[in-house]
């Protein structure tokens, strides 16, 4: 079964490269975490790379991404946050995107219109509605894309965001990354045929796609963004992917069926599949891919070096950024 | 346009009587509130009487009602809470259902399986799921019915309750009393064609009915309860009614269109319509109705007398019921 | 030049003026349009500023607070109402975990210049979930600027500053004060956030009180033969402990009365700040007064029992002498 | 006879024994089945008690807490987990407005014998929204019995009592203590709710500390030449002030160290209870120690800075002499 390549060759190569960048960055992250260099939790994106890169490519630089779910690093990369900023943040260093105040779950880059996660699953959707409202009020045609996992759709906050987005027909694209698991709880037990069906009562456009196919994601998110940009209102997209990694590093995944897991790794690895697709069509060559990988490995190595060399924050920095001071009028003579 | 009467004559008369009881009780409540005898807020049910009585009649004594929305008094009456208990609670007296701790928004009567409102709109649905779970675990065939207004359906808590009810296929009947208004905000601005459509993605049974027709409500809720009792899972019902009263006493309703309001009072008064329907079919006579009214007026008068004579709580009673004491193990020698 | 207005008028004027002054300011919440808010606090604003600037929302506090957060990050200055302060908890994740923390976890790179306001306090028979004073919850969550209003002057001047401030501000008018009247300047003014006000000077005892409790404290002291200094903290987070401490250094005595629940409420913390840092300025242990550890009951005799009364405040003051 | 187990084993054993003892007890929450909880706190329970008694829920804290409330009113004794204590706010309406108040507003006619438990506290680099100590919030909301655990002995004995108690109980283990070990009796036991424990006797100063702070306090005092009495309040609401007061009457000095944020946290209130009611037992002003008014940052040097250290506790104790 050969699949067409529906984008131009350059774009296709960028897709592959983007996915590889996530993969290589994350493999390194896993190593560094294993060596005790990275504090806190680490959640990786294996299996989601196509969804992340397809979505990121569909977005304009001025469109907001309000990240959600637990597969975050891939999304940061897809939105264009420089690898050193991300890695240094994972390390909790001053050179990190958030100066070490945030860590892996919180990378945010307002300049690049990445709205960071508040680390409570399902916390990005209402802010995304607000971001879209802000753009509308400022009379831009920028949109807000927001991601959430299958698990997160059970939270009421998600549904309320749908209500609000529909109420004012705001330019929001809701992307549900359904990887079949919320930690150990299978999405299969949820009632909807497709989680994008949650958009139906709101009369939103809904789509359910194979999210392991980077091009499918790219096209579907592009259309949704286009619609939102042109005043066509919100869309709910279910991007069906496989979680090819533990929930977080350290999760033993005793709850997963080994055969099924192996099958998914075979069949639903977005990078492997796309690689073959491009090779088959001579859009890339093996050496071309090796070069890509080598370049990315260098990038990633530099990111690690940057992170390692970036200083630990001074303890007193813990007291910074609680408030912007002085408060309004404070210290003035009234 | 004559409508059939689809229940036996005795039931029909009880429906009319039940609705009149709500109406007369509430008219008296309004008066008493106007005279300053009732503290706090008062929200009346005008226009919802058919929905309340039809629902109440469909329920067994051992089925839970977790009340919601702001039209509560009619529901208390429909669930069989004695009028003196309700009135004394409105007065904040010791003889009230809640000893004056709760008031109009909180009447609860656990013996009669009325789970009281927590006064935050949309707070009853997840507890209703829990009540249904408790019944299931206790291996009864009792169900939980829960009400919410059109406004309340925008809260995420409602949607989460749908997720949970569907997840275990619990015997819960969600009744949405869509009276077109959440205080001053029209339900019309919400996207769904019918608010019961919110059940669709969950593959629940859904119904949208004319809630001002007591019989329609009775039949629809009966069916839903029957289904739930027999393991058929949850149902979402939209009961379309008109709010023929202010949001609360004191609301000037400047936001309503006068002509439309008059039209609704003409067309959607569940009591007036049903009265005529029964008269036309000779199921009741004018004198029969007069007798009913006279009897109810006596009941209501007695309820007011009971409330007035019931003592104000002693101030120290404010410190009761915070905890059941002693706490476990407390005061024991370990 | 001053003129007399009511407290809710002051609230409405603050929003009105800020809407007029700054295009980035918008107002939204449940029933803020024609209805004008449960206490009249948004009356007339919709008619004047239109539906783009003044928006009814669907009924969801999570939606309101979450949208405010996003809009603020996106460059707008949202002013969002929750109909009752108790609903801070109804949007709990947004109010406790998201809004106050997102600027911090971003390392200061993200700005959330939003204002949420919500009528707080007891006294109108609204029951346990519509009567709470929540500045103890909010003040315990670093990142919020928590502001209360005691007079129309406060309400207007502090709310305007709240809207202009670049931090997330939670502004808490008190519903029992809605119809009270007071003087405000004819001309535009704002009041500093983060600064307590010495409302009455006195030499014998410092009473810290805000909102309704301020008025009850004043009532309590009217008949006492004691020279009371009354301090209105205005902002509960950050807290201007220095102004309180300075006063106690003069008076030697401290009463803290506030409508939050006493256990882990504001009172003990404020008193302790003085005890711990200015112990030797005290001639007597401080006295704290708040809602005893119970929810607010509906029935008026019960509600009045739990709400600190002028008598209880007077007795508290006298107990220090 | 005793045996040594870890703190999370103690948590799991408590649930296990109560599930076995009482058919009305059920456990639910996110990932409580095969996964066994983020820290292993529900490991093995699903296999033993089956899916009717031990249930994974969909991902919604509102759903979990709301369902627990209904199930409790309906005659069951639900034990419900929130994966992190911070998520008390994520189910904010249920946790602040519904569960603790429904028994009260019903005039005592409704009973809600539920237990919610949630790992709390900082120290594992989990960031601002997965590291909070929330007993100040919960204890400020009348109606909750708020219980913490400091040792495996506490964790098992207190949790079992929590499950048996007829009030809504919020039980807070500390995630940093998960793998610490301690002795528990071979035989069945429970520990009284609402009673503080004098963990170490001493004559010079009373230190009030719980959870991780208890262990840091002990570490702090190991090298001090001061005879320290350590009191573990165990239950933060209602609070057993009498046991603390009794101790201070003996020692004359008080240090309160707790992981809640200092502003309107537990510390000031506890200290003030003694100051206000037992002033003349004090030889020095009390010292309070908590998380300075900041969210918990991710980076370890920052996190350790804001979390009271043994050194800071030692310095606090010494400052009283």
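Think of it as A, B, C and D in the order they're written, each chain with its own count starting at 1.
To be clear about the criterion, a contact is a pair of C-beta atoms (placed from the backbone, for glycine too) under 8 Å apart; a residue touches a chain by one contact, two chains touch by 3 or more.
Being a predicted model, the structure only gives us computed values, none of them experimental.
S.K.: Chains shared as neighbours by chain A and chain B?
M.R.: Looking at chain B and chain A together, the chains touching each of them are C, D.
S.K.: Which one of the chains is farthest from chain B, going by Cα centres?
M.R.: A
S.K.: Please report how many Å separate the Cα centroid of chain B from that of chain C, as a whole number.
M.R.: 35
S.K.: On a C-alpha centroid basis, what's the spacing between chain A and chain C, in Å?
M.R.: Measuring from centre to centre gives 39 Å for this pair.
S.K.: So which stretches of chain D touch two or more other chains?
M.R.: Residues 57-58, 60, 62-63, 86-87, 90, 93, 97-98, 101, 104-105, 127-129, 142-143, 238, 293-295, 297-298 of chain D each touch two or more of the other chains.
S.K.: Pull out every residue in chain A that's touching 2 or more other chains.
M.R.: 98, 100-102, 106, 118-120, 154-157, 160, 163, 167, 189-190, 322
S.K.: What is the shape of the graph in which nodes denote protein chains and edges denote touching chain pairs (line, ring, star, complete, other)?
M.R.: Topology of the interface graph: complete, with all chain pairs in contact.
S.K.: Can you list the residues on chain C that touch chain B in the complex?
M.R.: For this pair, the touching residues of chain C are 30-31, 33-35, 56-63, 86-87, 90, 124-130, 292-295, 297-306.
S.K.: Applying the document's contact rule, which stretches of chain A touch chain B when the two form their complex?
M.R.: Residues in contact with chain B: 154-160, 163, 166-167, 189-193, 197-198, 200-204.
S.K.: Sort out for me which residues of chain D touch chain C in the complex.
M.R.: So the residues of chain D touching chain C come out as 86-93, 95-98, 100-101, 104-105, 127-129, 136-137, 139-143, 236-239, 260-273, 275-276, 279, 284-288, 293-295, 297-298.
S.K.: Tell me, which parts of chain A touch chain D in their complex?
M.R.: It comes out as residues 39-41, 92-93, 98, 100-103, 105-106, 118-122, 151-152, 154-156, 182-185, 189-190, 251, 254-255, 312-319, 322.
S.K.: So in the complex, the part of chain A that touches chain C is made up of which residues?
M.R.: Residues 64, 66, 96-102, 106, 108-110, 115-116, 118-120, 123, 125-135, 137-138, 144, 156-157, 160-161, 163-164, 167-168, 320-324, 326-332, 334 of chain A touch chain C in their complex.
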